[in-house]
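The structures considered in this document are given below.
The following pair of complexes shares a single chain, chain A, combined with chain B in the former and chain C in the latter.
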Partner chain A sequence: MSAMPGIVAINTFREAVRDRVLYNLIFFALMMIGAAILVGQISIGIERLVIINLGLSTISIFGLVMAIFIGVGLVYKEIEKRTLYSVLAKPIHRWEYLAGKYGGLLLTLVVNTSFMTVGLAAALYYVGRPFVQSDASILIAIYFILLELALVTAFALFFSCFSTPMLSTLFTLAIYVTGIFANDIREFGKFTKNPVMEGLTRVIYYVLPNFHNFNVIGAVAHGDSIAFSLVWQNTAYAVVYVTLLLLAASAIFSRRNLK
Partner chain B sequence: MSVAGRTRSLWTAIVATPILLFVLAALQVRIDAHTRSEAAQKQDLLVRSGSLLKRMSLGYDSLLADVYWTRAVQYYGSRIGQRGENFELLAPLLDISTTLDPRLIVAYRFGAIFLSERKPLGADRSDLAVDLAKHGIAANPNQWRLYYDLGFLYYWHLKDYPDAATAYLEGGKQPGAPLIMKLMAARVAEKGGSLETSRMIFAEMYESTKDKNVRKILMKQLRALKAEEDEMHLDEVIAEYRKRFGRNPASTKEMVAAGLLPGVPVDPVGFPYVIGADGKSHLNPDSPVELPKP
Partner chain C sequence: MTAPAIEIDGLTKDYPVGFWRKRMRRSLDNLTLKVEEGEVFGFLGPNGAGKTTTLKLLMGLIFPTAGTARILGRSIDDVEMHRDIGYLPEQPYFYDYLTARELLDYYARFSAYSRAERNERVARFLDLVGLTPAANVQLRKFSKGMLQRAGIAQAILHDPKVIFLDEPMSGLDPVGRREVRDIILDLRTQGRTVFFSTHILSDAEMLCDRVAVLVEGKLQGVGAPEEIVSVDVQGMEILFEASEGRVLPASITERATKIGGRFRIEVPEADLYAALEQLRTCSAKILSVTPVRPTLEDYFLRLVGREKAASHAMEVVTR
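So, the complex of A and B:
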């Protein structure tokens, strides 16, 4: 395997930094400081809970916004600016280019999330909460958020290979929302008591990305530990799904007429 | 644009920004004057179904639960002490908070107090408070404090001593429960309604609560119970005085002079008790202590 995907990834990351994507960290920092100071005054008994819930939810929401809105423009922007042609003129396969783009955005998300994690730890320290062993679960929750973002980014990239940014955004959002309701869709099938409907909803349930798998925010906020089996199962789930999407994206992009 | 033009634009922006922000704030004050009273009257919950909100929250249900709990606290805090206030939205707000996060123990515990306290300190809805506590126990069967709160609701507000004893006993079986739970169960079963038992329960609640507002309510109750206990004791001394002198004492000073009391008795905030025309002891009319209503 050539070093090309790595080079493309680094350049994608640099481009995101140049586009001031990481400025969202300032907003995150202000929000965490505000929450840490205010919550104790306007509510009762939930300072720690709010900091963890708010911190993890914000990491997830900001990450999702970045993954979707940057992800859908990764390929399209380069086609529009015609910079893609000069890149593809070099000894690089199209799938390597796609993998590099994906890796670059993932790197941006990891860096962004890492800074936010430090901000969350600082806010928890500010509210006078000593760090305990069960806080490792917060790191696992953040890892799960990253897995979720990796999956969303893969969807955004996949759609952007054959669609406009506007439509890709809509498709990715639709997949994300539907994926959250995957359990409900299966339950709906059972509710109908119709074998055909039940079978269909079961197939949909297994085909759709189940984003609910990655949500342990509520559990870790209450100090629950996360089973190691869930960690490796979620990791494997995300890796398999992302591989599938990147393969499909590469297949489409390789056949795409760029003239 | 020339350098001079750019500088002029910059200064225009620097000067105009605070002026325009001030104009916006002034306009908002006027708009608020029109809409605030109307909004206060119309305050309502657009969505009352916790389950629906849970689905609409797209996985961020625990954060939304914190938001609704904070809203419930603000709602209660802004209305506490107001005569004629029914706290209509309190129960739905608590229901939504606990449906969104069934493990939000704080919402069950304080929510039950907000709901059960007599008006104007609360909604005076012990029935809803019991429902909330039971809902909490169903979702968190190992949390002994929820049984403790349920026992308190039965004991103090509903005067249902057998159910109170059962709740304390069940709570005492949960992991981490202090021995006092079993003691309370025995006490309530044996001497339900005694002032001593009530004081023990309130004192335990006071010690285990950190919130200022709730501690204020509990302290008020503790003072009332102490005053009630004092009055019972003073009435016994008045009866003794009557037996000796064939008349009621005019004041507690007379009982001190007769050697029946070591000093002038005062209520928990320092006001001396008075003796009424009915020959019974009463709180000083200036005293802020309020006895529990029968």
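So, the complex of A and C:
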């Protein structure tokens, strides 16, 4: 196993940690969780539901903002600033570099999400509710958020290999939004009873990532348990999709002339 | 027999231009040259000549339209070959959130040194390029010259056999240029091959065993700096001081240039003794007599002028 991606990943993580935007995001995330506490106190009897809902949604939204906005600049920024030149002059393959950049941002997201998870746990503790066994499903919801972020980051990195940050942001957002409504799009195709439309929506359903399956926030907030089969299915789905995206990104980036 | 350090064969690079990117502009045209091990090789040319394109092709940052190149006998596509080469990009940019020490440590990690060895090397090379006092300062606070020094340090940190430097003197003050010249000379003493691009001809004349001149993507000549320029003496330069109260003959004053209290005159080689005799008769003090040879700069300007005239003529014909 090559150590090169790890070297790049650690540096990417260090860049994110030293970036003030990252600190702001953590700050705002903590602010949101603070707000959740406030809402929880004025929502008599449903504090748990409100805090978990708001907390997990905040973790998801802040993670997405980071994944997209940092992800789309991962490669583009290094090409624009030409910091990439001296790195690629070292004995590192371009795919190793990409894997490192991806791993670095993923590490950043994991650390960031972990901090926010601690914030959420603190918020739950603050409202005086003892932890129960079903709270473990909150961790599953957070794991799903991380899988979702891994997928979004892979898309952002993929687009960043051949497009500008602005277009990459638009493409990634478009795919994310379409992916959330993947089930609805397929149902819409069936509803039209038009074979062409049905075929088209089925293709969209299978080709684009289905982000809907990663969202269990509502169920977790209501104390429902999450089926173990969904855990491994989502894991396998994310791993395969991310691998394919990184392979495609590497194929494009390996042939790219750096200006 | 060992392979040349650098072997370039018919390297050509076209870039698509225009809105639809259908037209091609040739940036490098069929470049063929060899650089032997241990040579300091200067790659000369005006801005836009194709020097940086050549270096980026050799580093695998861009891909050739045609032709091949080998470094230390290995294809430029071979990433492992990069263990033995160092590269300073033109106007280098580095991660500005890192300190100089962190930056060098980051690059040293690619060579799989142990932590102790990395620390030792980073300290040694920071010292070599004069950045020890700024070792813990973030690069965003560095001047252009300091960035250039950091760039040179990262290029040679892992003791590469072949070092590529793209405009290494750019942005440096006279002291910095002198230090970089000393580093290049030191690398030569150690038997390393140095391939550097520059448009500062005095640096090339001073440092290079051989130079190649590139104009508008085409190689114009390769050889030792003194071979590249004509060895023919163009004339003789006499530097003298006139003695007080003596009038210089008109044939001298008409051609002489006054520099402070001294005079400089350039005469054809055949007229040297006649001119000296005239100066002697009016008791002038001869300070120096120097043959005037065309410099690399003269050669360079002549080539650029010729190429521009040729392309202008081509434009007129095609119109």
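Following the convention adopted for this analysis, the second predicted complex is superposed on the first by the 240 of 259 C-alpha atoms of A that agree within 3 Å, B and C clash if a C-alpha of one lies under 4 Å from a C-alpha of the other, contacts with A are read in each partner's own complex, and residues count from 1 in each chain.
What we mean here is this: a residue touches a chain if its C-beta (ideal position, glycine included) is under 8 Å from a C-beta of that chain, and two chains touch if they have at least 3 such contacts.
Because the structure is a prediction, the values reported are computed rather than measured.
Where does A:Ser163 make contact in the superposed view: on chain B (first), on chain C (second), on both, or on neither?
A:Ser163 sits against neither chain B nor chain C.
So, A:Thr117: does it touch chain B (first), chain C (second), both, or neither?
neither
Taking the superposition as given, does A:Arg82 touch the first partner, chain B, the second, chain C, both, or neither?
second
First (chain B), second (chain C), both or neither: which does A:Met4 touch?
After superposition on chain A, A:Met4 lies in contact with chain C alone.
Quick check on the superposed pair: does A:His93 touch chain B, chain C, both, or neither? Answer first, second, both or neither.
Only chain C; A:His93 stays clear of chain B.
What is the contact status of A:Asn215 with respect to chain B (first) and chain C (second): first, second, both, or neither?
first
Tell me the contact category for A:Thr235 with respect to chain B and chain C: first, second, both or neither.
neither
With the touch criterion stated at the top, can you tell me which chain A residues are shared between the chain B interface and the chain C interface?
Of chain A, no residue contacts chain B in one complex and chain C in the other.
Which bits of chain A are touching chain B when the two form their complex?
Counting only chain A, the residues touching chain B are 39, 42-46, 49-50, 53-54, 57, 60-61, 177, 180-181, 184, 211-212, 215, 217-218, 221-222.
Tell me, which parts of chain B touch chain A in their complex?
Residue list for chain B touching chain A: 55, 58-63, 66, 69-70, 73-74, 101, 103-104, 106, 110, 210-211, 213-214.
Which stretch or stretches of chain C touch chain A in the complex?
My answer: residues 56, 59-63, 79-83, 85-89, 91-95, 97-98, 106-107, 109-112, 151, 154-155.
Going by the contact rule at the top, pick out the chain A residues touching chain C in the complex.
Per the touch definition, chain A meets chain C at residues 3-4, 7, 11, 14-15, 18-19, 81-83, 85-86, 88-93, 255, 257-258.
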